[in-house]
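Labels A, B, C and D are assigned to the chains in the order they are written; within every chain, residues are numbered from 1.
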Amino acid sequence: MVDRIRLGMVGGGKDAFIGAVHRFASRLDGEYELVAGALSSTPQKAMESGALLGLAPDRTYGDFREMAIRENRIKGGIEAVAIVTPNHMHYPVAREFLKRGIHVICDKPLTSNLADARKLAKIAHDSGALFVLTHNYTGYPMIRQAREMVAKGELGAIRVVQVEYPQDWLTEAVETTGANKQSEWRTDPARSGAGGSTGDIGTHAFNLAGFVTGLELDALAADLQSFVPGRRVDDNGHVLLRYKGGARGMLWCSQVAPGNENALRLRVFGEKGGLEWAQEDPNYLWYTPFGEPKRLLTRGGNGARDVAARLTRTPGGHPEGYIEGFANIYAEAARAIRAKKAGQPIPADVVFPTVDDGVAGVAFVDACVRSSARNAAWVRLG
Amino acid sequence: MVDRIRLGMVGGGKDAFIGAVHRFASRLDGEYELVAGALSSTPQKAMESGALLGLAPDRTYGDFREMAIRENRIKGGIEAVAIVTPNHMHYPVAREFLKRGIHVICDKPLTSNLADARKLAKIAHDSGALFVLTHNYTGYPMIRQAREMVAKGELGAIRVVQVEYPQDWLTEAVETTGANKQSEWRTDPARSGAGGSTGDIGTHAFNLAGFVTGLELDALAADLQSFVPGRRVDDNGHVLLRYKGGARGMLWCSQVAPGNENALRLRVFGEKGGLEWAQEDPNYLWYTPFGEPKRLLTRGGNGARDVAARLTRTPGGHPEGYIEGFANIYAEAARAIRAKKAGQPIPADVVFPTVDDGVAGVAFVDACVRSSARNAAWVRLG
Amino acid sequence: MVDRIRLGMVGGGKDAFIGAVHRFASRLDGEYELVAGALSSTPQKAMESGALLGLAPDRTYGDFREMAIRENRIKGGIEAVAIVTPNHMHYPVAREFLKRGIHVICDKPLTSNLADARKLAKIAHDSGALFVLTHNYTGYPMIRQAREMVAKGELGAIRVVQVEYPQDWLTEAVETTGANKQSEWRTDPARSGAGGSTGDIGTHAFNLAGFVTGLELDALAADLQSFVPGRRVDDNGHVLLRYKGGARGMLWCSQVAPGNENALRLRVFGEKGGLEWAQEDPNYLWYTPFGEPKRLLTRGGNGARDVAARLTRTPGGHPEGYIEGFANIYAEAARAIRAKKAGQPIPADVVFPTVDDGVAGVAFVDACVRSSARNAAWVRLG
Amino acid sequence: MVDRIRLGMVGGGKDAFIGAVHRFASRLDGEYELVAGALSSTPQKAMESGALLGLAPDRTYGDFREMAIRENRIKGGIEAVAIVTPNHMHYPVAREFLKRGIHVICDKPLTSNLADARKLAKIAHDSGALFVLTHNYTGYPMIRQAREMVAKGELGAIRVVQVEYPQDWLTEAVETTGANKQSEWRTDPARSGAGGSTGDIGTHAFNLAGFVTGLELDALAADLQSFVPGRRVDDNGHVLLRYKGGARGMLWCSQVAPGNENALRLRVFGEKGGLEWAQEDPNYLWYTPFGEPKRLLTRGGNGARDVAARLTRTPGGHPEGYIEGFANIYAEAARAIRAKKAGQPIPADVVFPTVDDGVAGVAFVDACVRSSARNAAWVRLG
């Protein structure tokens, strides 16, 4: 078989949602082989989870530091590690691997606070290892295409950005019932960070808007709420956006909006046209050149560009989804890792979210929290 | 034939969009007969327009004051007048008719400024005549149903209101080309008022959100823009909403969003469920009780309530639209007018937007403009 | 007021669905005034219905023959009559008015059997009066546009026609419950004709496909079913279509398809492109030139042609619906009637379904029934 | 790593669409490892394709017989083979592997003619090896759910089945241009079989309808066309369906319908309700209990059943697509293979299309061709 990239994982034990997604994504193109893991902070669960995944017992670790040390020493140790722990652990875990030159593929948000984020960025830049942040929605082909269309000026100068990310899974106080593990740490500021919905999904929305438009946020005014009594982090956020250069926008994130599963949606309007994309139907991109009929561009179909086709595995009408988009981040990372390994420059068309995007995301959450604390006053981003 | 209500019209000469709509709406149920008009401020055009509509020459007026005076005097003079002029004329025109006891059906926004609005409200209340404001979207059956569902507590306490009203017809500086009459006065603060998109469509969105939720707006923070160079009023508005009782919301109105024709959309989320409605597909109402599958309620179909059925003319699957919704306002007005005429109380289930709703709408625009001038500071309403 | 066309109505008493629709349609543009009626075959109900509509007592008839005779004699008698009775009465009623030179606007299907249809066509042609059949779906602007696009060759030679018209209101044996008047006569072969769903809605589908494509049906093979035990007419029909010139198609009509209110849908595919239109969302027309992205054409919006604009009352994004489409048939009829009255030729662009279209529709039903009786053998039309 | 099932592949060299899909599907869950292949009938291309996939040179074969013989002999030889050749090769290839006890995962249709299909079924049944046919659409979670809902009687007795599968990629004579390899063999009766669109996609539609409804087709009447001049197989098929027990249906398949990429759609109507599913938006299932509002069931969301959840990898709102559905067939096959290996019975809930489903599919194509040759006469299915 092709010489697969040896991958480790920290976090992602049985029943964890995002750990499983990273594994699907790593497997789809046959570029990685999961060979080691510290899959849980509970040693017993770590061993069980490793066994379920078929990891060798001596590569199933109860502690991530031990894993970093040993994998760095042994022949055939991991080349990259996927970090899928709660947010507050991203920094300490990533640090251990980065300083040993092991590439990091880390879930978002980058860290649970801005100080950690900045330290981590410095460590990553100094390490020589790659740092890939899985803002996975940037891996969707039609998002790549939207980004290219904006970059090529097909919409003219961007005026308005409407981005939203509503969910409904925290409509009730599920974190108090013991029935939903993820809700517990997601609503715990110590593990999740000061932002709740802003940190979990607002960062995705913020990242996606910037990724597609290429605009840099200048200032925001945020009105955050915790609607569910007793909840310790925001579960709904309304944010006004001012981008450098004059574009304006709105961002809405919510985890208390019944009827919304994972309804990330981006609309961008420029002087010459508009685009609309919805994550739950990701194979479509609406494009309206001003004064002409709306066009429904499809991934792999008529109207799809090379930039989308490159990250597509099936023809139009054969829907791809969340895992495929996620896998595209892994595929881009694989290209970068292989280039590094071969001592070659990373190909110019490789695109993935970086540690700096991660710092921007944490700065966004930080700014939202600060603004909201000051009655939605305008707050500048770093 | 049924004894129709004798209707006059001020404004709405040939080529005027909204005047024609009022005429369609007045005709649909056979409740009104247009018998007099001051259809244009240009006498020549007024006469031509009257002739086209088959008005008798002696009931075709070049001046609205003359019309009010004479119609009030003659036997069989008008019982009600539809006012479809540019905004700044609503106040002086309505005053003339109200003070003569002639019912007024007036297009929105109520006036071009808050002072006029308040004066007009007083006049209306003192007059004994009816004042019906055509926030026509409140006439859609599924909007009535949404309102009832909220009122009955089916969504629980409302937490979040997302309302938006994007259009694209002012994407370019069409008001400078001479080709689009409506754009000229709509972008002229003297005729339209200080709000551009906020006044024209933002008021509709604001009204609709309040109508459905029954919530009263406490404060707003608005960031208004005039994206088209040289434009004298806002063509895009981003507004944070705080309702009394704790609900929060966002309102977006835009006339520079390519791909949007008339895309008013309302989403309401409560503790127990959510609703979604879009003006361009008004026969549908999405309803999601939390934890259950989404349901697509249809006007006239399964899931439609009496309150919707009462304002519906055709069975489910036979789409009704903008004119029918508008006509429902006229139908409600007719019921009120007939009750008045008969010396009876207005039936309890008659619902139409009033002069007070109009004041609230102008106050909303006023607050938006003031907030935006103060860098989107929070501004209280009322 | 404009000199309105004096209209009578036969059928359409209180609670009748289609009679009310004809009245809405006749009123919308202010071209007609309903002044006489034989609204029910039950004299008592006829009088009550007339009173409700404000008809003068002496123009409220208990018998259609009496109405035809008297209206023909009196000064200011009706110029046109709308026939909205059960199918089997179309022929005898229309005959009485046609032979007195009164224009007829008749609901579909033309008659309950082919012999009547042919006799009626002869009478209509001999009469000099106009005969307008309300295949109302041909009145939708986007249908007119689709027709023009095909006629202009924008789709190339048509290859495939897929047309369907499912409903669900006869899923259960509602005709036996006494609760649904319309279902009683619609499922009674004596009043409805030999076709059930084929006659009621299959004719619409057949007519629409022919209207848009301009193709003439050569032969069909029909497999009709009566799924509800005891039902005397078909409630579901599957029909293979062979058009002259080589195009092929399928037609499905059903009144036992739960989830379908009135879901008429037409798809046409040619050598160079495809079109798709759905009655429940009539303001949209999907157009796909082969090899290009799909375009969503909207009534009144970008991509709308003159032929659609002429029959449109509001701008794009202000939805029009069933009544507006129906009213377009009345508007076309009004233009023809006024031309006749003025002794002028009917304008070339006036389009409405004629008695000949009606004969074709009844022939379609007849062919379906004959084919199905012969185990879905091919049956020639015409 | 988990002890993966050793997989070989016949066909699927570089640039082949379906071979790549099988590889994605085999990798997603980490259950298979591709270790051998006869990827092309051209030895040079076979070697190149093997190298690209990282196959060992000694497991890259130029001939499938040689591969079957050697893999059967060597230690660690393949346990299963994926056959992704043109249709006419399915039979000879499968035979070689089956008779050596190697499990077969074979693309559809089963064979290019009915005689081969029957022989193959016998060989498969006699072999003791598993035969899995990749009617991949049966792997979609919402299809499994639809099937369960029908089986549990939630729709009542099924009356009407509407299934269609339009595409547009053969709208022009692309098989004559040399630019599209797949079109060449797909339109060549010698390699594809007598059915064109019927064989390629009609079989999918036929299979899906039967899979969901559990109904067995009794007879059909087919009108097949070859619209593109010179085309040797059908590119459009219209088929009337009669199921045992009285349900009726229509099947449309087309490869000349511009605007359709891969628009497989199934609608099923019973006495008590209806279902609708579209392959291009596979995460949704419309369900309408008669007399109630439509419900939009989502994969992983509210309304999803265990039978869907079992085959789902991500929560609701995280769309899955074609590859995931395909991978579900591989996952089911893996469970069966592991059970066999362990000498245990195949778990009762393992579901995949079998060789017998394949025979039924080829019999369907055969019946379509025979019926069409006899002017769409009714033809019984064996």
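In the analysis below, a contact is a pair of C-beta atoms (placed from the backbone, for glycine too) under 8 Å apart; a residue touches a chain by one contact, two chains touch by 3 or more.
The shown structure was predicted, so the numbers you read here are calculated from the model rather than taken from an experiment.
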| note | Higher number of C-beta pairs in contact (A-C or C-D) found for C-D
| message | Farthest chain from chain D, going by mean C-alpha coordinates, please. | response | B
| So, what's the distance in Å between the C-alpha centres of chain C and chain A? | 55
| query | With chain centres defined as C-alpha means, what is the inter-centre distance between chain C and chain D in Å? | reply | 43
| What are the residues of chain C that contact at least two other chains? | 260, 294, 298, 301
| query | Contact residues on chain D for chain C in the complex? | reply | 159-160, 162, 164, 168, 171-172, 221, 223, 225, 227, 236, 238, 240, 242, 248-250, 252, 254, 256-260, 267, 269-274, 276, 286, 288-290, 294, 375-376, 378
| task | State the interface residues of chain A toward chain D in the complex, per the touch definition above. | result | 1-3, 17, 20-21, 23-24, 27-30, 33-35, 53-55, 167, 260-263, 279-283, 298, 300-301, 313-324
| Inside the complex, what are the residues of chain B that reach chain D? | 287, 291-298, 301-303
